[in-house]
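Input: structures, listed below.
Shared between the two complexes below is chain A, which pairs with chain B and chain C, respectively.
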Partner chain A sequence: MKVKLKSWTAVATWRWVANDDNCGICRMAFDGCCPDCKLPGDDCPLVWGECSHCFHIHCIVKWLNSQQVNQLCPMCRQDWKFKE
Partner chain B sequence: MLKQGQSQFEEKWPSMRPSVLKLLRQEPVTRSEWHDLFWAVHSVCLWDDKGPHKVYEALQYDILEFIKHAQTRVLQHHEDSALLKAYIAEWGKFFTQCDYLPKPFMQLETSLAAKTHTPMQKKPQGEESIVRKLMLDSWNHSIFSNIKQRLQDSAMKLVHAERNGEAFDSQLVIGVRESYVNLSSDVEDKLKIYRENFEKAYLEATKDFYKLKAPQYLQANGVQNYMRYADTKLKEEETRAQRYLETSWGCTSVSGLTECCVNVLVTAFKETILQECAQMIRNNETEKLRLMFNLMDRVPDGITPMLHDLEAHVVNQGLADMIAAADIITSDSEKYVEQLLELFNLFVYVLLQDSEKYVEQLLELFNRFSLLVHEAFNDDPRFLTARDKAYKNVVNDTSVFKLEIPIKNKGMGTKTQPESKCPELLANYCDMLLRKTPLSKKLTSEEVEKKLRDVLLVLKYVQNKDVFMRYHKAHLTRRLILDTSADNEKEENMVEWLREVGMPADYVNKLARMFQDIKVSEDLNSEFKDAHRNNNEYIADSINIKILNAGAWARSSDRLSVSLPMELEDYIPQVEDFYRQKHSGRKLQWHHLMSNGIITFNNDIGRFDVEVTTFQMTVLFAWNQRPKDKISYESLKLATELPDAELRRTLWSLVAFPKIKRQVLSCSGEVKAPKDITDGTQFWVNQEFALVKNGKVQKRGKINLIGRLQLSTEKSKEEDNEGIMQLRILRVQASGKKKLNLM
Partner chain C sequence: MANIAEARIRREFKEVVKSEEVAKCHIKVELVNDNYTELRGEIIGPPDTAYDGGKFILEIKIPDTYPFNPPKVKFATKIWHPNISSVTGAICLDILKDQWAAAMTLRTVLLSLQALLATAEPNDPQDAVVAKQYKENQAIFLQTARHWTNVYAGGPHREQVLEQKVEQVKNMGFEEHRARVALSSANWDPERATESLLNS
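Our next item is the complex of A and B:
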């Protein structure tokens, strides 16, 4: 007798990998979503800056739009540039 | 030029008088006589200054003369009924003439009116003509006021006789009423005299009649016949009232009479009649109930006791039926509970048949009560509400089917409230309809839809909708993960239907989210396969991935550690690499509790495809290196690294899967339940394993061993329960606050 694998359905869930637990802007957990969204996941993604700080995309965009002159990272005050 | 005096009253009257007298006596008048009268009145009134007055007086004299004769004719009769007859004959004639005689005297009216009013002023509408009034007043003074009491009495006697079934000329009564209505001298309220005499007498006569008759009838014929009697009599009296009482606009005689009849016929016996109600509902005597409803609907507060009776009946009957059916249902549920305690949930078919019977029973009840309300109470909204209220009680009753929600008691020994098992059974039934099952395969798409709608109907009455949603979600998760939905379109429709019947929105949204997620995951799966198609045939064909959103699906406690067999472990990094390339900043967490697959199982008898969970797979792969060995529970624990409870449950499903003749594994010792397995229990592969169909051993075949193995753990269920309890507490607090705010 030998058992052979014919097919397999592997189930996994995904989570964000961030240096922090919370978004520095809205203070909500990265596992959750920004205050404007209802459900976490693909619809409320995270983004990283070159300074390696990470925020909900909705939060950082809102922040950047509110800045008149220089667009700085709200955490380290360096110029904000999206990673990649 | 007209000769002076030609149109003087004295000259004209002698030629007018015969026509007037003929008219009064109702004798034929020729066309020319009729015309001449008009002309004569006209000229006298215009040419003779004093003419109008003289005409009036002459007319009055003649009318009085005529009435005097009539009076003698009428009063000849001493006996009341003969008097009435004679009176009505005279009155009938006279009353008709009241319409004709005034016509030629139109000019007189104008002339007389001109004396008192300004010429231009128009006669107010509805005011009676002077001549007509003269006629009626004279009649009233000379005849009617003298004998009205006698007339009225004999009229009432006639009505009484009619009630006893004797026929007579109804004109006699009508005539008396007309006399009353028309002979009123009270200008302000013309009906006053009629109301105070005739109407009052009529109502009293009616009341006295039924006060005597009704109890006699009730005594002799019983309540049920009495109701029919009362109903008929009410209708009869209403028709009679239409005939004999004044019905002109603004006159309330008929409604007054009806009210009086209702009082004496129904209200007086309200209690006695209502006593029968419960019995009738029990016996489903819809016709009689409808009759009772019609009667009681007229009585203030008459319906209320009936509503109570209906409610009580629905609850009692509903529970009685459920208890009777519980013989079938609970005997199985007990087994189900036992199994649950043993961490296994294997009596799948028994349980499923339960929920089907249960839901059918509930629906049958609902339909029966609805039919009763429809047939007996005409779908009256008050009765529909009573039905709903009571049905809610039945559905949420905890005496027959209890569901204890176990939560970890922290510190204080808080007792868990028993809940109706209804939501759980409903959810199980939905699962049967939506999953590929013998039931869903047997039914057409329309039938499935109808049954789902039925469930939604019952669901409306369920109090703990969140419990239903919890079970429904668990079932849906299984169906989506195992790809066992019978019909994807119906699955998604169901979510919308749940929204329509007002299930909690956050739950429904989560369900919708799961469907979205599954689609995303399917796309990802095909990308994964495409990526591996060229370099690795095997992985592209046989490995599927379901990468889901943690927020919509998973709970941290659902993750269990397991040491995967090499055969599976190898694929994990490949999937992870693939995913990292697709999405940076994301990390995968494996949920082997939910993953599953198909293995090919070879032995001396044949070759079988077996659908298993990953845990079952892990256990079975343990024998690959030493196929004939016996392996102890302890060794298996070491090899698989599965938690104790999970390993027991997994092994149990391999040694005692329900409804199969030959099991995959065998074990040593007396093992009757998962808890009987000890560290020393030995397990080995059953070399005789085969599929048996109709008593014949098959050499090839496919079997599913996943069954009811839960895709969630005991711990996560407990968390769910706590969540539900908290939700409920919040809701109670919120409603409390609302009440406070209102105050």
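Our next item is the complex of A and C:
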């Protein structure tokens, strides 16, 4: 018997590799997106600080912009530096 | 309200309601309006302090910019504490001002306030009269704080000597709360208290 494939559909799943389930700033799931975005993924990425804490990029940028003096991690209050 | 503030408060509200501390009746949060901008908090005075067993109500207002700015919190229940105004209930606590961080939540704020009741910071006072008494006459401070907790927060420890003094000044024709404030501020010296009431 010969089987002929006429078409096939691939399905893939993905998730962020983060050390927590939720963003500490907006409290939404990392597998979702920040409250200002509609779709999770590359348009609403996660970023890590050198202190190893992780947030939605949109959330941490808003937090850093709201800090007038020192820019500290909202979790551990160490100086915030983006991890390369 | 900005979408992030409301979405976060909704989540936090659920978080507090489910938390262990609520189960043990130490803290509580209720909604005041439907759009999550005003809440009513409640903390129980920590054991082995002058606030033991009192139930303290807090007014919580959530700004549009939350969680990038702290919630506005003040005591609705009258309280005698160096870092809380005995007149307005305004609180002096760093995390509600410049030490706020976006990862803090209603739950951690309420627990921090409970911790403030257990450890006052008399060198960074909100109420200078209370702070002075705390530093110069700790025993009278503790009695006064216990008395206020009993009268305003339903605490179980009565201070009968102080109650009698309030009654005494009240019988001179002064309103009860004013009499209590004057006595508390005068280290419970009835003469000084009436003098200040007559001069105000």
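One rule holds in what follows: the second predicted complex is superposed on the first by the 73 of 84 C-alpha atoms of A that agree within 3 Å, B and C clash if a C-alpha of one lies under 4 Å from a C-alpha of the other, contacts with A are read in each partner's own complex, and residues count from 1 in each chain.
Keep in mind that, in the parts below, contacts are C-beta pairs under 8 Å (C-beta built on N, C-alpha and C of every residue); 3 or more make two chains touch, one makes a residue touch a chain.
From a predicted model like this one, the values you see are computed outputs, not experimental measurements.
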{"item": "Partner chain in contact with A:Ser66 - chain B first, chain C second, else both or neither", "value": "second"}
{"item": "Most chain A residues touched (candidates chain B, chain C)", "value": "B"}
{"item": "A:Asp36 touches, of chain B and chain C: first, second, both or neither?", "value": "second"}
{"item": "First, second, both or neither for A:Arg27, with chain B first and chain C second", "value": "second"}
{"item": "Touched partner set for A:Pro74, first chain B, second chain C, both or neither", "value": "second"}
{"item": "Residues on chain A lying within both footprints (that of chain B and that of chain C)", "value": "none"}
{"item": "Residues of chain A touching chain B in the complex", "value": "1-18, 31-33, 38-42, 46, 48, 54, 84"}
{"item": "Residue ranges of chain A touching chain C (in the complex, touch as defined)", "value": "24-28, 34-36, 59, 62-63, 66, 69, 72-75, 77"}
{"item": "Chain C to chain A touching residues, read off their complex", "value": "3-4, 7-8, 11-12, 65, 67-69, 98, 101-105"}
{"item": "In the complex, chain B residues that touch chain A", "value": "481, 509, 513, 517, 520, 541-554, 567-568, 571-572, 575, 579, 583-592, 594-603, 609, 614, 617, 620-621, 623-624, 627-628, 685, 687"}
